[in-house]
Structures are given as structure tokens and as C-alpha cells.
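Here subunit A shows up in two complexes: once beside subunit B, once beside subunit C.
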Partner chain A sequence: MKHSFLDQYSQGNSLIHRLDPRTKLITTLFFILVVVLTPISRWQAFALYFVLVATLIIISRVPPLYVLRRSLAIIPFVVLIAIFIPFFKEGEVAGSYNIWMWQVTVTYSGLQVFLNILAKAWLSILSLILLTATTRFSHLLKGLEQLRLPRVMVMILSFMYRYIFVLVDEVMRMKQARDSRNLGGGRLRQLRTVGNMIGTLFIRSYERGERVYAAMMARGFDGQARTLEKPSFSQRDALFALTLGLVLILVVVANLWY
Partner chain B sequence: MEEIIRVDNLSFGYPDGQPALSGVSLVVHRGETIALIGPNGAGKSTLLLHFNGILHSDGVVRVLGKAVNEKNLKWVRGKVGLVFQNPDDQLFSPTVFDDIAFGPLNMGYDEAQVREVVAKALGWVGMGGYEKRSPHHLSLGEKKRIAIATVLAMNPEVLVIDEPTSNLDPGSKWSLIELLKGLAITKVIASHDLELVQALCPRAIILDRGEVVADGATSQILADERLLAAHGLARNKPAG
Partner chain C sequence: MHIPDGFLNVATVAATCAVSAGGIGGAVKMVGRKLGEKQVPLMGILAAFIFAAQMLNFPVAGGTSGHVIGAALAAILLGPWAAVLIMSCVLIAQSLIFQDGGLLALGANIFNMGIVASFSAYYIYRLVTWLAGANRRGTLIGGFAAAWGSVFLASIFCAIELALSGSSPFGVVLPAMAGVHALIGIGEGLITGAVLGLVLATRADLLQLQRI
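So, the complex of A and B:
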């Protein structure tokens, strides 16, 4: 079975694509930090952040609709966490409703907290999607490694990337095998089948782990992970990091001023 | 002729009690291409795992005259290149380059050497230009070739391959056979593909239930229908 790429648009050749993965990692992190630390009352700042990400997305030539769709996938999680805040936060009442037995009130400060979480989460997600859509996963891993992320974590991420599709295939095959032999039966029995499948999957993954480890040992692996270091920090990277950093600092300073 | 691998009376059982090998002895000389054939579960893969110390053998396996033990494992793995049955187990890196570079890096090559040997190994298996691809987006035939390249890059004395042609379509299979034929290196190939054995290996060893039941010229072994049928390598003729 073939799968779409996890890093679908990462083969592009825009300015953003050509940046060193470390530059992108650090600026993304910095951007998220600044966004999260900006108080929601400064809505002008948020407008600026949005314009900034949108511009970068356009420069990167990743289809905006693709970015939007992927970002929306995250919204439900945020909403789930934040939806009740407007009802419980005390303050000036924005509206009051009677639902069956309950008197429900929504406060302005509650709404603000909700918006705060939503806006910050969305902007952060947009920047992360931009990062992953313009960087090959393998380059991202190299970047993380060069930024001194512990080698074990990089390896775990790299195995995840390598084997997620293999695992998905295995699940699909097991599902097909189950469906082709499924002759109905009660809920309980179906539940038990799913339980068995998960157990089998666990054992198979464990055994694959053993075989992969054997394959690593067969090529001289002794627990010490070695890689080729190839720093390729260019002038372009310095310029990009500097510009973005300055813009963000400007926004923060302007915010403090008003 | 120089002995590359010597196995003397090797017996092995997996922890769950099933004996997988009993009293196996064989010698691989330099320049030979040997087929290791036998039905499913005969112990072929288990035997190959002993050749470079993945499974331990208490000194009954010798590589280039030296008994394999804990201390010389790394050296042994540089000499005996083992290609696993399933390329999804063998190729575990995000890119083809990283995968082929893995062995040479472990051998302590420097950057220039690694790049050179990766390019060479890809050339040998006819996959030049694949450095940046991800293994999970390759076809099975391509994966098998890359898996062979990961081992060739370590410049071994002997290439040990488990089921190189299983699940390949006839076209991919024959081009892989041609490729293997062109590699000037000692080879041990485990397979139950008798076409491959005939085309590639002058000598064949039959393994069944963990025992060596035949060892000789391929032409003679493949001509012995009763021998083949008795060990699950040919269609059993109805009695009478």
C-alpha cells in the first residue's frame, strides 16, 4: 500500500524551503513564544502576527487551503479544552440563558480567555504547519540533532517516521482479514476481536523492534549513534532569522508603548 | 582455498524450547556462491544469524579462522555482511543515504569516505541518485537492492542474503539475480527459489528440520527429484 507524504509539500524550492532547518526551528519556537506571551487585549499585535504567518505561507508557495484545512483539524481539541471557560469565569455578564433546569451565564472576561486560547493556539499551529510543510522530515531530524536534542529522542522520532506507515499497513491488513471473516455477532464479540487485534499488533511491533535491532547490530551498531555533522548555516539564514526576530521584537515593543 | 566461514557441529534452540538447528557443519570458501535451501521453518534464517554473531554460538562458528566471540563481534560484522529477509527491518532510517551510511559510520569511516562508499554502493546495485529518497516510498524490488547496498557499503568478505527474491515479480527477480551474479564477492544465499539457485549457485546445501541433509553440486542436487520432494522443495508426486 502507498501513502501520501507526511511532509507533502516539503520538496518545494521556495526561499522558506531552502532555509537551514535549524533557522526554521528556532524562529518558529521564538514566534510561538512571542505569540503566547502577548496579552489578548493587544488585538493589533495578533493581526500583525497573522499577517506575518500569512506572508510567510504565501512566500513558501504551500497552498493556503492546505494549511487552513490542517490547522482546522487542531481546533476541536482547543475548543474542547476552552469551551467551558466563558460559562465559569466570573465577571460582567454577556448573556444569560435558560436551558431546561439550568441558568447559564456567559461573561465577557470568560469569552476573552476563550478567544485568547483559541487565537494563540491557532497562530502557533499555523507556524508549525508552515515549518513541517516546508522542511523534509529527515532534515527536521538533522536540525533537531544539530540543536543538541538528545540523540535518543531524535532516534525515536526517526523510527516513528519510518515505521508509522508500516504499522498503518499492518492495521489495514488485519482489518481486512477481520472484515472478510466477520459473520456478525454481538457487540461484545466484536469488542473482543478489536482487543485481540491490538494485542497482536503490540506483539508484532515488539518482534519487529527485535528484528530491526538485529539488523542494526549486523551493521556494527554498538549503542553509540553516529552521524555526519554538516552545518550549512548561510547568509540567507542569518538574514531571515534577523528580520523575523526584529519584526517580532518591534511588535512586542510597540505593544508595550501603547 | 581460504576458509571464510566454518561452522562445526552447531546446535541451537530458541528460548521457547523448539530446537532450530542440530549438529550443523559447513565451510564457505573464498569466491564460492552457495545456496542454502530448505522448506519453511528449516532453520535457514537461524543459521544465517549465527554467521555474524547476532545469535551466539560458543565458538563453533569461525570467520577467517577466528572463533566468533563477544570481543571480536564488531570485526566479524565488518567481514560478514548480512542482508535480512524483510527489507522493512533492514532499512530503518528516514533516507536511503542515512541507511547506507549507517554501517560505514559504525565502522568509523570519516565523512569523505562515507560519502564515497555510499555513492559506490548505490552504483553497484544500480540505484544511483536514490540518496534522498525515503525507504517507505520505494517499491519492494528497490528496497531489496538498497538493503543489499547497505551491506556492500561495509566492504564485507562475504555477502549473506536471506530470501533475496521472495515476493518479487519475475522481472524484478531476474534483474536482481543478474545483479547478484555481477557482484564479485563470496555469497551465501538462503532461498527456496530453485530458479535462482540454478542460475546463480554452483553449490547447494539442503537444510531440513535444523539438519544438513545434502551438500554438493547444485546440478546433482537439483536433479535428484526424490531428495527434493522428501524435503518439501518439489511437488510431492502422488504415490504409485
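So, the complex of A and C:
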């Protein structure tokens, strides 16, 4: 039942942890927006963004190595989508290769765009990791609800979060059962086994959903979720949002002028 | 197929966010009307189910492995609107918890893997089962075709969004994405077929649920 990959470190206590989830959500969104809008040639700006995120990570007392490891784990997927960029831009040719039937050329401007997009994606990922590593998922959902995400959606998400742990346990047990029976056979047979596992998981999940609903009805569920916690927007939040916002706006202005 | 932040330009982000917000709004309304307050635990647990099902890897080619997206499965079993709701929750959680797919790109990802994949899967399934008959064979073929089509179409929309944002030229990213996902879709199709086969054999009544 302990799956720390979900929101490890979010129970910590630091300036960043104590901020209102709304503050963190909005500043993260704003940060990503500014990063994405930065023109390609502004390497100084990207360095500044990095310093900004790094400072916040250090303030939050989340181990930097953990953040780095997690962010690097996602980069291969980013590269997979970005892989076509360097080959097909016009401009000065950096190298030409012959792969099977295709004659491909890498251009300098293509490489620049490629690195640029990679940097943008990485910075956004860092800020998202910081957000989830310093905010409990339940708080995050509360923040999203206050920011007008449909209430039903928030409730479904909180249910989902609760049952992810249960179902992941279920998947782990099924995997163990499969591996201990030493599944061999060809690819098709393995696909079939995975299909059967998912099918079993679906039936069990559906039945669990019905049981949970019956239990909730028995306890008087009427479609509303009530919680005691009420995060509040304090002076600290205003100060944090203002400082970060000002720094980012200054960078944007500097980008436009120089 | 999860698009990270940094790939889409502002126009594409705004457009896809608007369409996805509308889609989610419609899904919330439709599912709420048909299921009432029962939707909350059921949709929540089934979203967790899709999330957990994505942890089951299967071998693809050359030592790599893949996992299902699950939109087709959700759409066939529960209907397209319910699938949109479930996939949106899965994608939001993936973006926030695993940083799999960006925050600004969430609109585009929900559009591709939620709205496009769910609706295409549902209607392909309906079409095939209507053509092949509502028997076991029809269900399995329909499941395969629906899952393959949903992955293929979602990847095409993904490529269009990337191309419109100027991240990659259209003539390259479209055939590349579509080609790769035409292969990945086979895995999704076979697994979806196997899942439907099992459900049909053990709890066939679950295939007769009211679809939303």
C-alpha cells in the first residue's frame, strides 16, 4: 500500500509547502507560460528560469537529486516527440546521413529549435515536479476546485487518487502471480495474458465501484463531498506570488526590449 | 503521445483547451444526467483502473515495451462521454503526478487521447458490430478495430497540433506519427480484444451496460 512514487515529499514543511495550493498552481502555470513564450535565441532568459526553479527547489528542501532524477526520467519521451525537428528545418547543413532509404540532413537552425524545445520542456517539467513534490494531492484538488474546475470532476479525481493505491496493489499482485508461474510463450500469448489481466482488473474494479457506492449510500451520501480543511490565501501567498510574478514579468519585458 | 510543454504555440494551446473544456463540460453533464450521484465512485474507480492498467507492459519489437491507452476500452464498455470523463481524469493525474504530458498541453492531450480516441473508438465499434453482428466474433473484431482506429486517429491529431505549432513540418511528423502508431495500435487492438473476450466469458452482462 506504500507507493511513494505518487507524491513523495509532499508532507514536508517549508515555505513552499505552506503556500496555498492556488498560489502554487497559478504561479506554476504562469511560469510555464512565460517559459514557452520565450523566443528561441534568449539563452540568458533560460539560464535565469533555471536559477529561479533551482532556488525554489532549494527553499522547498526537496532533495535536488530526486527532482533531477525524476525530470531526466521523462526526457526520453520528450525526445521521442521532438526527434523530427533537427532534420527538417531549412538552413545551413550541419551533417548529412544516409539511413536506409532516406537521405536526411541536420541543419544548425533545426538543432537550435530542437535544443530550445527540449530546454522549455525540461524547465516546465522541473516546475511541475516542484509543484507536486510540495503539495499533497488532496490540497491540489482543493485548489483546483477553488479555481473553478467542475466539482464533480474534482470528486472523481479524489476518488481516483484514493483507489489508485488499491488498484496498483492489485496489479502488483497479479504481476507477481504471473511472473511466479513463469509466463513464456510468444508475443501473442503474452499480449493475451495482459489482456486477461486487464479484463480481470476491470471486472474487479467495477464490482468494487458498486460496493463502494452501496457503502456510501448506506452512510447517507447525497452527491456532495464535505471536508473540514480550508486552505486560506494569506499575506505570505500574496508576497510569494507578487515576487515571482514581478521577476517573470521583468524577464518578459527584458526579452521584448533587448 | 503525451505532448509535453514547449511544443505547442499559444494559439494551439488556447484552441485545444477551449475544445477540451467544452468536451469535459458536456461529459460532466451527460454522465451526471444518466448516472446521478452514482457516477462519482464508479468513474473515480474506473479512472484508477485505466491508470493501473497502463502499468501492465507488454513486449513490442526489439526489447521495447508498450502499454495500452485505454480510451477504446472505456468507450466500448461505458460509452464515449463516460470515457471522455475518465480519460480526462487520467490525463490530469498523469500530468500532475508524473509530469507525463505538460500542464499547458493538457488541453491538447485531453482532446487527442480523450475526446478523439473515445468517440472514434465508440463509433468504429458500433459500426463493426453492426456489420459483423453482435456475437462474440463481432465484439472481438469490433474491439480490435476500435482500439486500433482510436490510437491511429489520436496520433494524427497529435501530429496536426505539432505541425500547426511549427514544432515539426507537417509532411514529416504526420507520416511518422501515424506510421509508428499504426504499429502501436495493433498492440492496443489485440489487448482490447482479449479484455473484451474475457469480460464476455465471465461477466457478459457488463458488456450490456447502459452506455453514456
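By definition in this document, the second predicted complex is superposed on the first by the 228 of 258 C-alpha atoms of A that agree within 3 Å, B and C clash if a C-alpha of one lies under 4 Å from a C-alpha of the other, contacts with A are read in each partner's own complex, and residues count from 1 in each chain.
One rule holds for everything that comes next: a residue touches a chain if its C-beta (ideal position, glycine included) is under 8 Å from a C-beta of that chain, and two chains touch if they have at least 3 such contacts.
Owing to the predicted nature of the structure, the values given are computational and were not obtained by experimental measurement.
In the superposed model, A:59 lies in contact with neither subunit B nor subunit C. Residue contacts after overlaying the shared chain place A:26 against neither subunit B nor subunit C. Within the superposed three-chain model, A:77 lies in touch with subunit C and out of touch with subunit B [touch as defined at top].
Once chain A of one complex is fitted onto chain A of the other, the partner contacts of A:162 extend to both subunit B and subunit C.
Once the two complexes are laid over each other on the shared chain, residue contacts for A:137 go to subunit B and to subunit C alike.
By the touch criterion stated above, A:115 is placed in contact with neither subunit B nor subunit C. Legend: residue contacts after superposition of the two complexes on their common chain; A:218 is shown touching subunit B, with no touch to subunit C. In the superposition on chain A, the chain among subunit B and subunit C reaching more residues of subunit A is C. Within the superposed three-chain model, A:208 lies in touch with subunit B and with subunit C [touch as defined at top].
Once the two complexes are overlaid on chain A, the subunit A residues touched by subunit B in the first and by subunit C in the second are 137, 158-159, 161-163, 166, 208, 212, 216, 221-222. Those residues of subunit B that touch subunit A in the shared complex are 49, 52, 54, 74, 77-78, 81-82, 84, 86, 88-95, 98, 101-103, 105-107, 111, 114, 134-137, 150-151, 154.
If you check the complex, the residues on subunit A that touch subunit C are 6-7, 28-29, 32-33, 35-37, 70-71, 74, 77-78, 81-82, 84-85, 87-88, 113, 117-121, 123-125, 128-129, 131-132, 137, 140, 150, 152-153, 155-164, 166-168, 170-171, 175, 187-188, 190-192, 194-203, 205-206, 208-210, 212-213, 216, 221-223, 225. Listing the residues of subunit C that touch subunit A in their complex gives 2-8, 10, 13, 24-25, 28, 32, 36-49, 51-53, 55-59, 68, 73, 77, 85, 88-90, 92-93, 95-100, 102-104, 162, 167-169, 172-173, 176, 187, 190-199, 202-203, 206. Against subunit B, the residues of subunit A that register as touching in their complex are 2-3, 5, 137-138, 141, 158-159, 161-163, 165-166, 208, 211-212, 214-222, 224, 226-228, 230.
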